[in-house]
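Residue numbering begins at 1 within each chain, and the chains themselves are lettered A, B, C and D in the order written.
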Amino acid sequence: MRAQKPIRSDIAWSTSDRIVVRGKDLPGEILGHMNLGDLAFLQITGRTATPEESNVFNAIVITLVEHGITPSAIVARMTYAGAPESLQAAVAAGLCGLGTVFVGSTEGATKMLYEALEDRGDADLQSIAVATVAKYHREGVVVPGLGHPVHRPIDPRTPRLFEIAADNGMANDYCKLMQLIATEAERVSGKSLTLNATGAVGAICCELGFPWKIVRGLGVMARAIGLVGHLLEESENPMAMEILWRVDEAASAHLRNA
Amino acid sequence: MRAQKPIRSDIAWSTSDRIVVRGKDLPGEILGHMNLGDLAFLQITGRTATPEESNVFNAIVITLVEHGITPSAIVARMTYAGAPESLQAAVAAGLCGLGTVFVGSTEGATKMLYEALEDRGDADLQSIAVATVAKYHREGVVVPGLGHPVHRPIDPRTPRLFEIAADNGMANDYCKLMQLIATEAERVSGKSLTLNATGAVGAICCELGFPWKIVRGLGVMARAIGLVGHLLEESENPMAMEILWRVDEAASAHLRNA
Amino acid sequence: MRAQKPIRSDIAWSTSDRIVVRGKDLPGEILGHMNLGDLAFLQITGRTATPEESNVFNAIVITLVEHGITPSAIVARMTYAGAPESLQAAVAAGLCGLGTVFVGSTEGATKMLYEALEDRGDADLQSIAVATVAKYHREGVVVPGLGHPVHRPIDPRTPRLFEIAADNGMANDYCKLMQLIATEAERVSGKSLTLNATGAVGAICCELGFPWKIVRGLGVMARAIGLVGHLLEESENPMAMEILWRVDEAASAHLRNA
Amino acid sequence: MRAQKPIRSDIAWSTSDRIVVRGKDLPGEILGHMNLGDLAFLQITGRTATPEESNVFNAIVITLVEHGITPSAIVARMTYAGAPESLQAAVAAGLCGLGTVFVGSTEGATKMLYEALEDRGDADLQSIAVATVAKYHREGVVVPGLGHPVHRPIDPRTPRLFEIAADNGMANDYCKLMQLIATEAERVSGKSLTLNATGAVGAICCELGFPWKIVRGLGVMARAIGLVGHLLEESENPMAMEILWRVDEAASAHLRNA
């Protein structure tokens, strides 16, 4: 007979007349007292954000909500066209692609920066940047947080995010190291490499002390908001079927006309 | 030859050095100036929330973020156990079940209330409530927004949400009608029926003028935040495999021991 | 204290050295003895298909596997572009849109036909067809299984599916009624209406006695196979990013150039 | 102005009266002539399976369809409880967790075996097995395809799959190497390590010459079939809500009673 292990969660609980989230009474202490960003911080960390943390956290999540026509927006819209009765499934489909290539790359930047500054001893940031870039090049892996197909040479979100971090006392070693890594990677590769928003968000997540495993989650919650906006527009002014016909016409012409 | 139709979105656009969301410069006018809830309102409606709208909107979305161990939390955790490298897929899986039974029932309440007050003429709210309940009973359909397996006789979120709506001048005919419908449904059925949080959220969405098609989306974006919190806890203190073994032992005992 | 209810499944069970599916030893009685379609029949119905059922079942599922560039194929490919490490999430995203508009419409046809022939008494099929079409028109609902944007006036899958059903003794009242309904709907609407593959599949599912709740599932399992093929092609000859750029250019031109 | 790149797919195409999949007329050459497993082989590889390939391919996909109560089955059932109108989303949710831990581990085995036998020169299989295990141990990575929580010391599917491969002339170097790796990993670790079904399937996928990128897809298509069976049972004899209450009671007791 297998011995049972405990099942336990410390996030929230409820009884017939109470709902308590992270130790706070939801109706009495949260509703009407917090904005959505601060509640998200509470949900993830288990504690109330300081005003500085609130400023920075709201900014990094908002950054990832919306970027016009993205793969996730197209996916959500095309899913909605087939199942308009299941809006939640359309959002879910749109989120499935937030992996290592888009949005999820925040995770890679956070992990890289944590590992670089762990056990740093007396090393200065510049030599750590050089060593980090060398390590990624040696392993043939792309340095996370760098490069952007549209925003070149500067991603307009990046300097603004670092400015907000600095205004709130959080532009410290992780942010500095991310910038030094970007410069060093440019030097080594001989190419212009944008320090993109996911790199800035990743660095700021380190400043906030977030576990790297959860950093991709900030982009996921943000994009869920963005996709709801796209689905409302799709319900009023659809593009999904027109995309379908254009792609189908292009993709199969060589077979149809053979 | 098929004539192409236009493909057009008015939500956001970007160039190499700019990102504009709903007509606002993202770095210059949004980051550092808005909280996440207000940005969500902007994303969905295309305009900036008034202070009253901000209070009410943040409250209704926050209400739907977290309710302890829910089907969506279990789903996200069990998905994460199999694919910890794909956190976004675990959130997506958790969202897929926000349909007509859980969370998505906000949509039904909004639709019911809009239809009930459309072309109302001179009818008073009480007679509209009676007619609405009679219609649902006649069609054998459950009145949305009523009943709760745990919160009985009162869902503690409901009076607080109506209070916040009232404090911000938004507890008008839709909120009143929802409450009258609840009372009438109790009278007709002879059973105690909780006016639950999805009923209150649905009514307030009418007050805010949101299209019913998008109301389920508020719960979806909210729960995405909640699920990220659950996945962080799962990564640190997992319960998924223990759930698996307990369910497997219970479900197959009659076959294994046959 | 809540009284626990039983948790029970009769599909399969395993011990350290055995795996039994639907009462059959998986290694000894299934592997090497069945093809995938017959195993799917066993999994759903709990019994082994007759040769006739096998012929018909394999045909209807295969019908739904592949139709070139579909919304689900585009969705899967664009998801894969963002998360190539999560192929399963790309397939899952592609399946999310198999709702009431595409593929899932098999379900509507099955339900319609079951309801039409339930308690039919002495009514002949033609008068049932007339009554069914009249009912859908009265309720303003589209008759399921009819119409196709490409296959006009005949969906080439439909006559072949009915032929296979007939060859195996399963082109009985449900198949006949579906065809009569198509003719009647054309007469009433005055428009040419293709009896499409989902209508034929839906009718044949009635002949097989499948519960209508599960009929959408045949399209889901079929399309999962199709999407794996699309993802392999996408990994070798990608189109997702090119779709993204074309859509983005078209959708935002009016804003970028304003 | 961006230069457009071609969008092209070679899988299937259709016109008003034709549907062609992998060069074959769907109604005329596929329906009624192929079983679902062989169609899946055609969809993925672009060619018709030989009888031997058909035997082996059907067996490996069937192996992954069903294993009783799995995380994916629980996920699909709990999703269905919240959104019974969206069966496709319930299957999709269940598939999202087929990652590196469950089912998707076939991919790891295939990749390991391909890399091990690439450029092997004159090396014999035993020394390649020793080198492979040493490499995984050095990198602190688990050898894929080994270990099982229930099937110990032997996974009953494994010898049967190798037997079917041998009967069809496909138990060659990849299958032999997988078995040698299992023995070597046991020797090095000093623990009993089951060569599990995903290891056997992974090796056979190498024998079939499948690209490692698509191997996870076989498990995904297989499990989609399995989950449809679970959802039909859930619709008739549900367990989802009972799981919810049991987990909720266990997880929150320490907070509720504090």
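The rule is short, and it goes like this: a contact is a pair of C-beta atoms (placed from the backbone, for glycine too) under 8 Å apart; a residue touches a chain by one contact, two chains touch by 3 or more.
Here the structure is a predicted model, which is why all the values come from computation and not from measurement.
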item	value
Remotest chain, chain D as reference, centres from CA atoms	B
Interchain centroid distance [CA atoms averaged], chain A/chain B, Å	23
Geometric centre distance via CA averages, chain D-chain A, whole Å	30
Distance from chain D to chain B - Cα centre to Cα centre, in angstrom	36
In chain A, residues with contacts to at least two other chains	6-10, 12-15, 68-69, 83-86, 88-89, 92-93, 96-99, 103-104, 239, 243, 246-247, 251-252
Overall pattern in which the protein chains touch one another (line/ring/star/complete/other)	complete
Chain B-touching residues of chain A, taken from the complex the two chains share	2, 4-19, 21, 26-28, 30-32, 34-40, 43-44, 54-55, 58-59, 61-63, 65-69, 73, 84, 86-89, 91-93, 95-99, 103-104, 150-152, 154, 156-157, 159-161, 163-164, 167, 211, 213-214, 216-222, 224-226, 228-233, 235-237, 239, 242-243, 245-246, 249
Residue ranges of chain D touching chain B (in the complex, touch as defined)	68-72, 74-75, 78-86, 89-90, 92-94, 96-104, 239-240, 243-244, 246-248, 251-252
Residues of chain C that touch chain B when the two form their complex	6-10, 12-15, 20, 83, 85-86, 88-89, 92-93, 96, 247, 250-252, 254-256
